[in-house]
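One chain, subunit A, links the two complexes that follow: it is found with subunit B in the first and with subunit C in the second.
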Partner chain A sequence: MTKGWKLYDQRLAWVLVAPVLLLLTLLLLLPIAMMTVYTFFTFVTAGVESAVLTFDNWKEFLTDSYYHGFLWKTVRVGAITAVICAILGYFPAYFIWATTFKHKWLLLLLLIVPFWISFTIRTFSWIHILGEQGLINVVLIRLGVINEPLPMLYTEGAVIMGLLHFLLPYMILNVYVSLEGIDRTLIAAARSMGCTSAQAFREVTLPLSIPGLGAGLLLCFVLAAGSYVTPQLLGGSRDALFGNLIYDTIMGQLNWPMGATLSIVLFVLLGAAAAAYSRYMGLSQIMKGLSA
Partner chain B sequence: MHDDNSHDQPRPASAGADRDPLARGESQPTGKPAVEFRDIDIFYGKFAAVRDFSLAIRKGSFVTLLGPSGCGKTTILRSIAGLVDITSGQISIGGKRVDDIPIYKRNIGLVFQNYALFPHKNVFDNVAFGLKYRNVPKPEIVRRVKKALDMVRLPGSETKLPSQLSGGQQQRIALARAIVFEPEVLLLDEPLSALDANMREDMRVEIKKIQRETGITAIFVTHDQEEALSMSDRIVVMNAGLIEQIGSPAQVYDQPATAFVANFLGKANMLPGSVTAMDGNMATIALASGHVVKAAAPKALTAGSAITVVVRPQKLTVGTAGAANRLSGRIVSTSYLGGNAVYEIDIGAGTPLRANTLIDGQPLREGETVDVCFDPLGCVLLDAQGVRIA
Partner chain C sequence: MKLTTTKRLERLNERYANGDVSRRSFLTLTAAAAAATGLSMPWMGRALAAVSEVRFDGWGGVVQEAIDKYAFQPYTAKSKVKVVQGTFGDENETITKIKTSKPGDFQIVHSSGVNYYIKYVNGGFNSEINEGNIPNMANVLTAMIEPFRKITPKLSAVPYDYGTTGIAYNNKVISPEEAKEKGANLLTDKKYAGKVGGYADMTTRVWYAALQTKQDPNNIQDMDAVWAKVRETRDLAKKFWSSGAELMDLLSRNEIVVTDAWSGRVAALQQQGQPIGYLDPAGSYAWMEDMLVLKGSPMAECEELINFMLDPATSIAVAEGQNYPPSLDPTKVKLTDKIAALPAFDPTGSMKSLTFADPLYWAKNEDAWTKQWDRVSKGA
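So, the complex of A and B:
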């Protein structure tokens, strides 16, 4: 044979990929297309819309600062959450990477343990910690530190807290993976040339782990900004995020055209961030190749 | 601390002379040795990676630690750099004890097997790295980086990333990076083993040249005997954490102190037998294969004592009549190497003899019956413990 060989037979590849392609088309691409068409429908009254095409929904979204406020708030909460995740997550990742503890897999398993409990239940648990009758307030009142319970639940802080709880493992895993890709002889080389361990961290470890940190930031941002359950359970009415706004528009006001418009807005926004994310992951692969 | 009496592996007693740190070949100049090890033991838990390692290295010399993988050579190298903690003993660099000096203050140049260039920094920043942490002013850094790149014959490569360079080029940059700040010792940890064969030979010559030009003290770790023989002023042969022999390339090759050295360097022929008579300094030896040979003995041997005659493949002549010690046998295999050929010859003993000879006319064919001869002065005798009789 002089034609060379391939890892797979192309016809077989199509057969194997077909079910997933079909599912993605039917359950993802088609609904998104339908939603996109819906954004141009006319809202008549609650639960009723007509197929008369119009730009009214887009005009309303682009001109009404009510929506802009929600969008800004969503981006802000997502960004704050991602940054706090990065700050809190880097150290555990670094520790797991650097430890000489023999059973690293156990530490990594501990990161994944929270995922064994339903996300909703984990979110509910914060009510018992932050609530008026929650752990913190009861303890502080018993100790006589405060007289009145502190308002902690149903605030933006509680929402961010819940999101951190949910997203921190993603950050730690992302950073850990990129640290794991660093050749340790690079650090030995830096040390031998006169770096203290802190300087070697700044010169070698940190810059080479930036791709993982960047990937973690984007992932946390996208997941936080797209969250619905956490602000619903832990936030007050003023702490709703864009996802809650969409829910309210569609399920409360029964305004499907406007709800579809808002959905597409969030979809495009987070999709753009995810595109940046995958591009960044691509770059991190190159970086890994460099350090190998 | 471990107990010196706990050594479960007694070292060959009469090899002591060869183990003497500054044994032969080199007269110790005035002043402190560039690097000195005294009674180094390195344990990983209960495993002894290195034991009783003592060595003094003269300033400006090129010393190779040679041995199979796991013999402790890399561990010793890393202990100089401070990457491995010694369990007991002392290491001095330039007469100063460094056991408690952290790695970054030791002023050592390290070249790694996998180059270990910083992938996110360009060539200039890689080479300038050590200078930056020595507070060298910027114009001086630029000047010295340029000089180092000229020295490794990669001038003008400052702005390239390591990934844009070939393996050989990367290793040159790694070398430039290690010598640019003029360290007291240059440590080379199998720097050639990741390169392909042609590149390896070029780099061998180049490293040696740069070492000579700069006059830097170099410690080179390898498992490749050719590298060791061609580059070193002195070779330290190690096995299982212990030093087997210290000597010049010619010494370790021509006068192996132990059976291990004879075998590891150049696959010597080992012919077991026993002494039957002594005539002056010439011993008559009955080989286990049934042949009787004569060999020069440095001292009188008692008849009946077990002995091993070590003959290098190059010291065997094949097919030509002549010298004493004529063994007849049949060629089992012929490896044609161009100018010379390696024959395996069955002389009726267990393992066939290996002979490496210049080809005169046609190489001999497999199956031919030939005479193999060696000079009684061209061999080394080992005692029953596998230690050279001196």
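So, the complex of A and C:
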């Protein structure tokens, strides 16, 4: 060991971490604290609020079923998206992990190619695929399969499709990282003890990849439930999620106190989902997936 | 444009002569200017002369393209003051940005008339313009200026154009006769279920629902009936659009065949050869737009720019480009045949043929109705 050098020096650790802590305090904790204070302000008229403290905004949220309905819908759409991502994403991840193709890096590169294009443009592209004069309807009509265009755009299905497009790579990367961590000799051992390929997958590979699947589910759920742009562009007015409700309250009604209340509600909901995952799985798996 | 100290002092003198500045303020400002000149360092002049650009925020699309081409570019060529432009689809969004920025970050807004003017005034974001610095205001319709003056006797905005939100329809699907017969009720015609559109804006939705229930939009007696009609349109609608570009996109791609629509945007589509008809039903929603100067703006430069924009040659070119009639009084300024043919154009200049929203009535109900509209639009 080098003289005078310790593996862990508490003072040095604080010095190195201090800039990040400062940034987190300024850019995350302080804004959240300010938003929390805003939830107790009084709405006067559009764009004007007073610092007279009140529980009215919380009372409105807790007693108005309109907000509860949207919260439930947001959880539902987030959960559906996450589950479909898991079902669709597991197999590509497994294939990339299991393949003996020598240019595996190329397959991983394909996964991140969509991130090179703006998220908004990728979302807009669905309008030209799902629209009445979009690719799918035009092809089906020309093939004589349908007479009238199918109503696909501005529906909840279109919103989920847009979210899948956005979130699938996150799921695949998380599962892939988890699979990469599996000791392949365990599978060989299972096979040598008489397991079929399917049994080895069911008894060894799948259970050991569950943390990655769980991390992917959490990420996809949190990102889907917190989304705003996708429902705005691909959904009809009824397909709004809680994020759209917050936007409309702050930007449309110019009611900041109520908008802040709804923001804190969504923050607590998504924070609770992350906390529940952390309790049972540990958040470190997500970090592995994100750094893949 | 760089204003010289001499010109600034001349303007101050002019304001004093007009009675806009008290003698005490005039002497204080003159003394301050003299002291500043005496104490100034060489770098101060460069710093103070830094007003080389003015910030403008507008509606984007063909409207802003016309303003840019026929007003901003010639103005910059003449004055060397660059006009930095931003766009918005919903003006409330801009109010939020203004509220969260420091005075001066946003300077001129192409604002939606008196309804929004009240919001800026309530929020304390408005400035006070010196009308003496905008001589071309003499040509602006008095009927358009007066509603603003009722809210603030000293104006913060100058009316610039006006238009209507009428009914646009695909004339391959709906005949002009049918459109004329059904008028506003086309938006609740079950025959076009799933092919109806509408502006995602409370005022427009409530206005048209009032017309459909045969009520005066400026004195609604039965709001329940209005919300019921709003829901009816919502249930038939494919999409409520939120920007002029989205409106044009939905109509041109045949996603919708009937919608309420901004007259100028429809005119632009018609000029592109799209099969779109336009109708202003009785009581159609008329609106005006203004150039609003915000607090903290470089007033002299903003006033100079607005004056340039109101110059008859500029204003007429912009109006022809954006397809909305200008705020110029047709009894004082000779307007072109193209402008005379635009939807909503009032040749008398009295604006009596158009139905504008009563700003005080709508301001009184705005918060509650906006909240209710948000809910109805999302299925409530």
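Quick note on the criterion: the second predicted complex is superposed on the first by the 262 of 292 C-alpha atoms of A that agree within 3 Å, B and C clash if a C-alpha of one lies under 4 Å from a C-alpha of the other, contacts with A are read in each partner's own complex, and residues count from 1 in each chain.
In this section, a residue touches a chain if its C-beta (ideal position, glycine included) is under 8 Å from a C-beta of that chain, and two chains touch if they have at least 3 such contacts.
Bear in mind the structure is a predicted one, so any value in this text is a computation, not a measurement.
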{"item": "Simultaneous placement of subunit C and subunit B on subunit A, clash or fit", "value": "fit"}
{"item": "Subunit B versus subunit C as contact partner of A:T45, first or second or both or neither", "value": "second"}
{"item": "First, second, both or neither for A:L208, with subunit B first and subunit C second", "value": "first"}
{"item": "Touched partner set for A:C195, first subunit B, second subunit C, both or neither", "value": "first"}
{"item": "Most subunit A residues touched (candidates subunit B, subunit C)", "value": "C"}
{"item": "A:L245 touches, of subunit B and subunit C: first, second, both or neither?", "value": "second"}
{"item": "Subunit B versus subunit C as contact partner of A:G271, first or second or both or neither", "value": "neither"}
{"item": "Partner chain(s) touched by A:T185 [first = subunit B, second = subunit C, both, neither]", "value": "first"}
{"item": "Subunit A as apex of subunit B and subunit C, Cα-centre angle in degrees (nearest 10)", "value": "150"}
{"item": "Contacts of A:Q253 with subunit B and subunit C, given as first, second, both or neither", "value": "second"}
{"item": "Three-chain overlay, closest Cα atoms of subunit B and subunit C, distance in Å", "value": "48"}
{"item": "Contacting residues of subunit B [partner subunit A, same complex]", "value": "81-83, 103-106, 108-110, 112, 114, 116, 118-120, 129-130, 133-134, 161-163, 177, 181"}
{"item": "Touching residues (chain side subunit A, partner subunit B) in the complex", "value": "183, 185-186, 188-196, 199, 203-204, 207-208, 287, 289-291"}
{"item": "Partner subunit C, residues of subunit A touching it in the complex", "value": "43, 45-48, 66, 70, 131-133, 151, 153-154, 236-238, 240, 244-245, 248-255"}
{"item": "Complex contacts: residues of subunit C adjacent to subunit A", "value": "90, 92-93, 95-96, 99, 119, 122-123, 194, 200, 234, 237-240, 253-255, 366-367, 370-371, 374-375, 377-380"}
